[in-house]
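Okay, got some structures for you below.
After this come two complexes, each holding chain A, first together with chain B and then together with chain C.
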Partner chain A sequence: MAAPAAAPADAQSQFPPPKVLTYPAAAPPSLITQGAEGRLYKTTHLLPDRPCALKYRPPKPYRHPILDARLTKARLSAEAKVLDRCRREGVPVPAVYAMDPAAGWMMMEWIEGIPVRAAINEWLGARRPPEEGAEPSAEAADDGAPLADLMRRIGIAMGALHRTGVVHGDLTTSNMMLRPRGEGQAVNGCVGGGDDKAKVLEGEVVLIDFGLATQSMSDEDRAVDLYVLERAFASTHPRAERLFATVLESYKDTFKKAPSVLVKLEDVRMRGRKRSMLG
Partner chain B sequence: MDISTKKRRIALGCEGSANKLGIGVILHTGDPGSASSTSTVLSNVRHTFVSPPGTGFLPKDTAQHHRAFFVRLARRALAEAGVRVADIDCICYTRGPGMGAPLTSVAVAARTLALLWGKELVAVNHCVGHIEMGRAITGADHPVVLYVSGGNTQVIAYAEQRYRIFGETLDIAVGNCLDRFARALQISNDPAPGYNIEQLAKQGGRVLLDLPYAVKGMDCSFSGILTRAEELAAHMKAGGKGPDGEPFTAADLCFSLQETVFAMLVEITERAMAHVGSTQVLIVGGVGCNERLQEMMGAMAADRGGSVYATDERFCIDNGIMIAHAGLLAYETGFRTPIEESTCTQRFRTDEVLVKWRR
Partner chain C sequence: MALERLQLEHIPPAYQVYAAFFRDVANTDFLQAQLLARNSEFEYAFVDASSVISRLHLLSAVYSALNALLDGTLRTPNVHSEIVVSLNVNNNIADAYRRWGITPGKTKDLIVVKTQETIWAHLTEHVHGTPAPLTDVELALATDWPKIRKYYRLNGVPALERLADEGARRKEGERLAIMGMALRGL
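Let's turn to the complex of A and B:
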């Protein structure tokens, strides 16, 4: 399955591409998405059959030019550094091919598959919807062993990431891809074999978009990382909110220093969310 | 008479969660929840407790102010609206979030009106009030909402009967950061510190002073920026130089602070918009009146092929009409607050409210 559907044709012409994409190439670049951080193009690197993702951070018109230049350069350099580090330590992330921080672009390995967000929504969509007017509940997701298994794989990826000394800074289910496993590869711990619907949740979890990532070993930063994902998860997939505990469980199994991070997570929750003090 | 079939419905709303006491009267017509329903502001009056430069408003004094002004403001609201007590269907008040003492004063006053006039009470979440009023005034039907004020900083989007919080401050509110910075420079609190910073910033901008930029995913943090800005203010007063070796002014500081914190707010809003796939953005709350913030948000939204919706000080700054409006929306779905449950609370999350009036 191809990665996120290409942006509509009018969006292709809406933005002028960065200069690096105006040189003659074997395959014409296509705009894949306009994220908050910038634009993602699909093009090729060195060989016409070697697809790559080009991340371009255009100048933000709303931001003061000095602040904008400072942020763009710092973020792109930090992103490349962090990706390189993860790659070396075996965390599933795209490889960096080339970059120009001052011009605001970076070329990376193209990750096949669909975002975890789309996979979860497709899975939940195939389940029965909650009753009319009823509070959204986790009941509908209770029979979701394959979903729990995906949560477990997310937790493992997070544990591996934090073990490396990197925090992502913008963890959402949109910033994780499900890469189909190639033939001959072991299907490690992937349950749900016979169920066709469960296939949508299969694959390797690959973390993407390290635009806000930093190198940090502090419990505080790691806890905030988990907290950002927890909240993004709750707001994006309210029906499966309860399953988030599974992410934390497998995180704990993967990462030796997890217990102290999870204690800190309690603090972050109390501080970030002005929780009701009643009861 | 059944409220859901009544053609004209009128609510009186009382707001006093911070230093503004506001009372408003709203009229809803048409079938609730249908396309034919309309909202009309009949009156919207406010009185603000202003503390001297260099100080903030304390809960005790603010509560005292609200108690002193409630009766005359309520009379004015009724007179301007031209409605009789008999026309009113319900009394709405702010349950929270906000400062305890001022909230209590207004809750007691609202309860008194309800008992005096024999009306039903509706307790309203302050943040939901802002959102619903912003939607009603601007006509934005499904926006990402940036709620920025002295006490709150949240990026919100609606999903499945709740206003869900996608991002928020991890420490102090952006308005609190601006207010306290104004105190460091002895900037006047009249009409509002944020307004005076905005005016001063228009004269600055020769240099952009380096301030921390603290965005974590869709969340952000302002306390470190405030500390650095206060340090720079002290540095300036001591005759220190800016990055270009020249002295800088209070206006440059205001400019730099606004550019930095607003860039952060626009960035987290853009991230939430990309995340939920929306192109509309609605700014509500007191800081939402800032025209520089509106301009920056507009540039971002235009870049994404969307648009920004904002209101002016009548509806951005805390007011009674938003409480009346949100309260009446809830009242129309059958929501009531029995007198014995008519409490208030400093902590009341936006996502705790079941939004029954939206699909």
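Let's turn to the complex of A and C:
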């Protein structure tokens, strides 16, 4: 096969890119992030004006090649199946554009916007000076409204996910994007439309990174999912910790079994994420 | 001239794609006979336009087939038949030919895809139809949505039923179809 000489040999790719990215494209792929199991590139799908995210699970040299190939394929397929299921049920997740499970890559819809983590931090950062002022009580309740509204939208997104029988497995505010609403979509459902500061928290909550997701309908698994987010939230945004109750409040009304998941969450809080004391 | 040359992302320049769209094709039985006879002069991907939603939908199948070609993992005799098979959501090849391929008596509007070489003169000589531009607007005129919904299992899908706007519903239907193709056989 005629491998083109013009492979993206930029400085940032200290790792060899997957074979699919060695073929020419209008713009070179850029490495967005790297996890323990895989890497995420931003590139294009079919046409130069169609951005996509390419998730690549590189082969692990320390595993037996046959086992490695099988695990990579199984994990990527499982992720794609979960995304397909969510998308069909109307849960806000990225669509899958193309994939090659044997080669370990998957192209997904590129979600515009910033992670919820960044949005919350920006919002909290911008609000810091007035908080040290003289009258905290008068403004505080009103000022927290856009953030509380975001919390509600997170709760609704999680409820939609759990209703379809999927648990995410790694919910954090980094694994949720805040996608700006397009011209076609109505800009309602958001409070404080005119406020510049509040704009940071506007947009549609889109869940991403389903690498650890599983299909499960059990209250236990769903409660653990909520617990993981609660802990992540408390450590990433300690100043907004009390607002997490709003997430659970809106989650409660999203599907029939939600209240019993919240009851289970009490148990999980008492003992931690692991059910068995043996592991 | 209605032949279009396309260069897809992540595909070497040697594998350029040529595509044309013909409406009201009169000699589908002749064209299918050439395919069945494995006539190498007629090594084209003939795609029934009624089962195609848009350019993106078509190109997704072309990309998937080219990727298999580059990888050496073709499941069918050549890249052109692979394009037809790539439109399916499962690995049933005969089924794919029947649904997306050329069917005498049924196929009216035909998309022709060829990689690596130009074909216009040969095509206009043998495909008896009206050349049309391969645009989303033209393609939409030929799309048979009840068929698309059946082939891509889109009936009763909550994500589509909640959308009130017809345009938005088609866009999401296109996305789900492409997703189904990407997950073929899983």
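Of note:
We adopt the following convention: the second predicted complex is superposed on the first by the 229 of 279 C-alpha atoms of A that agree within 3 Å, B and C clash if a C-alpha of one lies under 4 Å from a C-alpha of the other, contacts with A are read in each partner's own complex, and residues count from 1 in each chain.
Criterion: a residue touches a chain if its C-beta (ideal position, glycine included) is under 8 Å from a C-beta of that chain, and two chains touch if they have at least 3 such contacts.
Since we're looking at a predicted model, the values are computed, not measured.
Judged by the touch definition given at the top, the superposed model places A:D100 against chain C, while chain B stays out of reach.
In the superposition on chain A, A:L46 makes contact with chain C only, while chain B stays out of contact range. Residue contacts after overlaying the shared chain place A:G90 against chain C, while chain B stays out of touching range. Contact with chain C, but none with chain B, is seen for A:S77 once the two complexes are overlaid on the shared chain.
Across the complex, chain B is touched by residues 14, 34-37, 60-64, 66-67, 71, 135-136, 169-172, 174, 212, 224, 228, 231-232, 234-236, 238, 268, 271-278 of chain A.
Those residues of chain C that touch chain A in the complex are listed here as 8-14, 56, 59-60, 63-64, 67, 70-71, 73, 157-159, 162, 168, 175-176, 178-180, 182-183, 186.
Considering their complex, residues 1-2, 4, 19-21, 23-26, 43-48, 50, 77, 80-81, 83-84, 87-90, 95-103, 106-107, 109, 184 of chain A touch chain C. Chain B makes touch with chain A in their complex at residues 97, 157, 159-162, 164-166, 168, 170-171, 208, 213, 215-219, 259-260, 263, 266-267, 270-275, 295-297, 299-300, 302-305, 345, 347-349, 352, 354.
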